[in-house]
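Down below is the structure, laid out as structure tokens.
All chains are identified by letter, namely A, B, C and D, in their written order; residue positions are counted from 1 within each chain.
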Amino acid sequence: MNLSELKTPAELEDLYHPVMAEIKEVKRLSAMETYYRVELPGGEDLGHMPGQFVELSIFGVGEAPFSISSSPTLKGSFELGVRRAGMLTDVLLRQQPGTKIGIRGPFGNGIDVEKFKGKDVLIIAGGIGLVPMRSMINYVIDNRDQFGKLIICYGSKSDQDLLFTDELAQWEKDPAIDYHVTVDQGSDSWQGNTGVITTLIPGLDLDLANTVCCICGPPVMYRFALLSLKSKGFADENIYMSLERRMKCGVGKCGHCQINHSYVCQDGPVYHYPDIKSMQEAL
Amino acid sequence: MADKPRVAIFDFTGCEGCELNQLNFEDQLLDILAHVDIVEWREAMDGQVDEYDIAFVEGSLSTPDCINRINEIRRKTKVLVALGACAVQGGVNGMKNTRPIDEVRQEVYGDDKYLFPTLPALALSSVVKVDYNVRGCPMTQIEFLKVFTSLVMGKEPIEPDHSVCVDCKLKENECVYEKGMICLGPVTRAGCDAHCPSFGQYCTGCRGLVSHPNLKGMEEILVEHGLSVDEAWKRLELYNANELEGVRP
Amino acid sequence: MSTATGTNLNIKVKHLTRVEGHGNIVVNMKEGVLEKAQLEIVEAPRYFEAMLKGRSFHEAAIITSRICGICSLGHQITSLKATEQALGLEISEQTVQLRKLLIHGATMQSNLLHAYFLAAPDFLKVGSVFPLVETHPEVVVRALRMKRLANDIGDVVSGRAVHPITPVPGGFTRIPTAGELKELKRRLAEDMYPDLLATVETLKSLAGAIPQFERETEYISLRSDDDYAMYDGDICSTDTGRVPDSEYLKMSNEFVVPHSTSKHAKVNRSSFMVGALARWNNNHDRLGELAHTAADALGLKPGCCNPYMNTIAQVVEAAHCAIDSIAIIDKLLADGLKDEQPNQEPTKFGTGIGSTEVPRGILYHEYSYDRQGRVTAANCIIPTGQNLANIDDDMKKLVPEIIDKSKEEITLHLEMLVRAYDPCISCSVHMLDVDFIE
Amino acid sequence: MVQFYLEGDRISEFVAHLMKQKPVYAPHRKGQKSFSFEKTENAEDVVLDYVRTMHSIKKYFLPPREELLHFDLTKNESDPVEIPMSEAVFLGVHSYDLAAVGRLDYNFTVGSPEKNYLTRRQNAIFIGVSFEPDKFHFSGSVGIRPEDSTGCDIFLTKLFDGYVLEILTDKGQELMEGLNLPAHDAGKPATGHFHQHIFVPQAKLSEVMEHSYDNPVWEETAGKCVGCGTCNLVCPTCYCFNVEENVDITATKGSRERHWDGCMLREFSEVAGGEVFRETLAARQRHRIFRKFKYISDQTGQPWCVGCGRCTTYCTAGISIVSIVNRLIGDYERAAVAPV
């Protein structure tokens, strides 16, 4: 690498300096998860694709990656869904509309929507995995004519933990969406399916040759979801999945998110399954 | 946390070096005092109160009375922070646990041993829930300040779980193994900025072990550098007798 | 309730505050007869001597330093001296000078901590130093500045003031740089000196609060021919004169009493006193000008037998330590600092004794080693333990003398008496004179 | 190209000449047996004839600890940190360390170029020096010879007394302006040989690694390795970091700081929820070695290990990267010749 070919460092942007964005709206999604709508200075668009993430920071507390939950079709602001997991998310939970937070991004390799166009789209989302998948779901809904059927399989620990319940109700009603939901353990009032998410897959009515699938959920879910898809005859090259690793930079420098040769923040978080199926550390 | 957290400081069996270390924050003491109300601290002030937000507790538990007192403190406080090796792991006091307690009492007090009841020296966490640790012998001042500011800001302090070698290397200290000494840094939890190796002394393990230590590997290193197997484990036990109970071959 | 004619008095101060460690004051007077006046030591025993057994000579001082955080340097140096004698490890003059410097730092820090943070609140009738932050900010800031400098001597020379790091058998693992020592000297001259003068002024204004009480006492301390003995010397009693430190057991007879997890001690009388006042009474002729000026200003005279004056003797000593530290630094710099490695090759394996003056009095350590350099027997005799019988004797004389005062005032006098000794209770519960050779 | 003779007793004069122009960073003695790069205050303190420093000059371009931004909590605002331009001379650099800088240049320019690193790196001037391999050096096996002057502005080759000084760039020429050294006509002496070797070239190593994912050597090494992370922290091509927030005691000001991190540490691959993706020391050891010889190398064709021998020298458990790699090669070749 010849350094002199580069711009002079003074012209380079500071990769680690966030812009200050404002929290516009906060809503409790469940006991553990909270929704935020965030606006960049001047209402500028984030310019992301479904599946991408931002690095969110609160000064003095820390920074972490969060998937963008809104579709690029939402203009003027973007949405996040955050689960309480530790120091940063704990403090984030206490923030009210009007607070400024640091945002860097969008980062990562999102869902290549071109590959999904003209095809049936199968979304498999477990728990918090719905947050990034919602970006894709809403993208498809807002661009109905470019895609085939939309099939959603969503699984959650319990009915109390279901996220975005208003939207779920709409999806359920929407005749253009084949919507399935299940909970590991339902409360007394729960009337839907119970069982882990993979129990939904065998019953799906799929046009195998013309369906592309995207999976996101907790690490254990992947192995089982893949097995079910396989037994249904689903081809590997039609599967995409979003992975999660700790990240300290988001721009391919800090090394934390590396899986074998691949940086999740650069090559992922959304991977084409054939690219990672031989990587032992991936799943 | 409320605007000015009410802080109480207690001591159990230990050398009170950790408490002294708190009085040794000469440069920060006034800032610290500006952020909290100290409501109880026997070593420095008179008086007792009924409840507090944060209790800093030094020392290990080694008499039946200690157990009652720590339970009472836990009831009265929202957050309990263990200060120093004695409170976090049992500290040097734990060494006596490696031998039968009666034998130890006999040695020190002879026939008068029955005058003074005693238990094996226990870490606070073996009796009550401990929210955060400030490790070290004496407690590490930089870590205390980190935990303290975290609590004042209402965020969780991070407890490091990597080896002292990392911090030692970040400072580019000459490794004491190079000088022909031994060192427990490779399996000891960081957070002290490799204080002892920075002064040419070996790490004695006062901050406790990392969470998944390869002790067999550590034993091999020590033996390779001239200690007998027995001596190697004795060195490891200096501060970690309780953690190593049952692990030592 | 006690009145002018009071014949009944019951005092129990549980977990006395502003002292190091856990102790209770118990006084019982029934119909004019004093049944009990004693300091009960309730600190949990820690069995250090037993912990030392079988440990390598590299670890002995690391372990004994943990007897007490306040006196950690004293224990460490004393332990090293005992180990070096037992193993025949020669040390250099530079090592001796650096150790003397460390002792000065530790003595200053401890004496000043006691005077300002633990004793001063009594003189000003408040419960702790914290209210003084509001009422006497300049005094608190000065106290912190002096303490910081005293601690910095420890931080620079030994890596850490509490549980020092660099002093090891045979020397130091790191020698301070000339630049670091010069900076300490500058601060001692420019900051400590004026602060000491100001301290004397402050104390002078409070001297009226020091109770007048006297009891003839045997005072024991180290004494040497060439300096105000701290690091080295013979054991010297005001009753019987000097003996070498090999006779330390005779000079610190220990015995177990039921009201104390710490053992008591006596020599020629029922009790004796060690500490700053004992050192003053034995060695005032070895002190320099600043210390004498301070003593004169504060009314401390040779042959003083008012235990409350121990606090004053501590301040006088702090003045000596500051001046002598400058002299030591000058000597070290003039001789040129040498990057010496500790001498850790034993030439024998036997028994050794270390005796040092630590802030609260003489400290003795004795160890025996086997041929692998492991401890086979250990004995530590701690100053606070040596003072306990004396405290009880003082209380027995004091209570009848002040029985006309209110109970609160009697209690305060008793608490102040115990605090004047600056007792270090964690230290005192770790004594033993038992061999455990198998 | 003209060669000059830098006589042994003129080295200090040479260093002083450099110091008059720019800050000089060079090897100094540190502790009893070690060396480290330090800013030179006295020309006499520079030690050109050294074995290896614990840290390479990486520490000047990617400092062990570095503030990324300052913030003011009362205003909820942050300022980027000023990064000083590096107008400095790095004197006495061994060829492998300069090669390592080249590797880092790649890492910090590929994808998103990093201002912090590149600002520091941009104007560095390098004066290399040849070295005598000790028992741990093996840079020859990865194509880096002791007399390699690639990337240097000036290069010094050790003679019996003094050095042959070659000026390689205009920057080097400028630096030498005003110091008159005699020309050196004789040739350069041969440098010493290595005591350690990796027995196949990188092109083949990638193939070896490909087949070594499940080699038992990882488990065996894990038995001795204590996971202390030393090998990562001393490696001149390791660049991973962690980021933490520092807040002052008054909780009003603070900074976001990064510091070196390492893949041998368990925490490194932990994610929220506590799961660790390389839980075993065996998996971490494999990851470390693969990062040196496969993952990045497959993209660039170069090994990401420069053969400095630091990880082996400083590993308290005595784990040798050369032994591991040769073991993998041996196992692979045996498997290849063995009948299927």
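In this section, a contact is a pair of C-beta atoms (placed from the backbone, for glycine too) under 8 Å apart; a residue touches a chain by one contact, two chains touch by 3 or more.
Computed from a predicted structure; not experimentally measured.
K.L.:
Any chance you could check whether B-C or A-D wins on number of contacting C-beta pairs?
P.N.:
Ranking B-C and A-D by C-beta contacts puts B-C first.
K.L.:
Just to be sure I understand: the centre of a chain is the mean of its C-alpha atoms, right? Then which chain's centre is nearest the mean of all of them?
P.N.:
Checking distances from each chain centre to the full centroid gives B.
K.L.:
Counting in whole Å, what is the centre-to-centre distance of subunit B and subunit C, each centre being its mean C-alpha position?
P.N.:
Centres of subunit B and subunit C (C-alpha means) sit 25 Å apart.
K.L.:
Find the geometric centre of each of subunit A and subunit D from their Cα atoms only, then give the gap between the two centres in Å, rounded to an integer.
P.N.:
Distance between chain centres: 38 Å.
K.L.:
Using Cα averages as centroids, what's the distance between subunit C and subunit D in whole Å?
P.N.:
52
K.L.:
Using CA atom averages as chain centres, what separation in Å is found between subunit A and subunit B?
P.N.:
Chain centroid spacing, subunit A to subunit B, equals 42 Å.
K.L.:
Where in subunit A do residues touch two or more other chains at once?
P.N.:
60-61, 86, in rising order.
K.L.:
Spell out, as numbers or ranges, the residues of subunit C touching 2 or more other chains.
P.N.:
none
K.L.:
Provide the list of subunit B residues touching at least two other chains, using ranges where the numbers run on.
P.N.:
153, 158, 200
K.L.:
Between which chains does touch occur?
P.N.:
Listed in label order, the chain pairs in contact are A-B, A-D, B-C, B-D.
K.L.:
In the complex, go through subunit B and note every residue touching subunit A.
P.N.:
So the residues of subunit B touching subunit A come out as 153-156, 158.
K.L.:
So in the complex, which bits of subunit C are touching subunit B?
P.N.:
15, 17-21, 43-47, 49-51, 53-56, 59, 62-63, 66-70, 72, 113, 117-118, 121, 127-130, 133, 140-141, 144-145, 147-148, 151, 158-163, 165-166, 168, 172-174, 256, 258, 261, 426, 430, 432, 434, 436
K.L.:
What residues on subunit B touch subunit D, complex-wise?
P.N.:
Per the touch definition, subunit B meets subunit D at residues 28, 31-32, 34-35, 145, 148-150, 152-153, 158, 160-163, 165-166, 169-175, 177-179, 183, 185-187, 200, 210-214, 216-218, 220-221, 224.
K.L.:
Could you pull out which subunit A residues touch subunit D in their complex?
P.N.:
Within the complex, subunit A touches subunit D at residues 1, 3, 6-10, 12-18, 20, 57, 59-64, 85-86, 99-100, 102, 218-219, 244-246, 248-249, 251-256, 258-261, 266, 280-281.
K.L.:
Contact residues on subunit A for subunit B in the complex?
P.N.:
Per the touch definition, subunit A meets subunit B at residues 60-61, 86-87, 90-91, 94.
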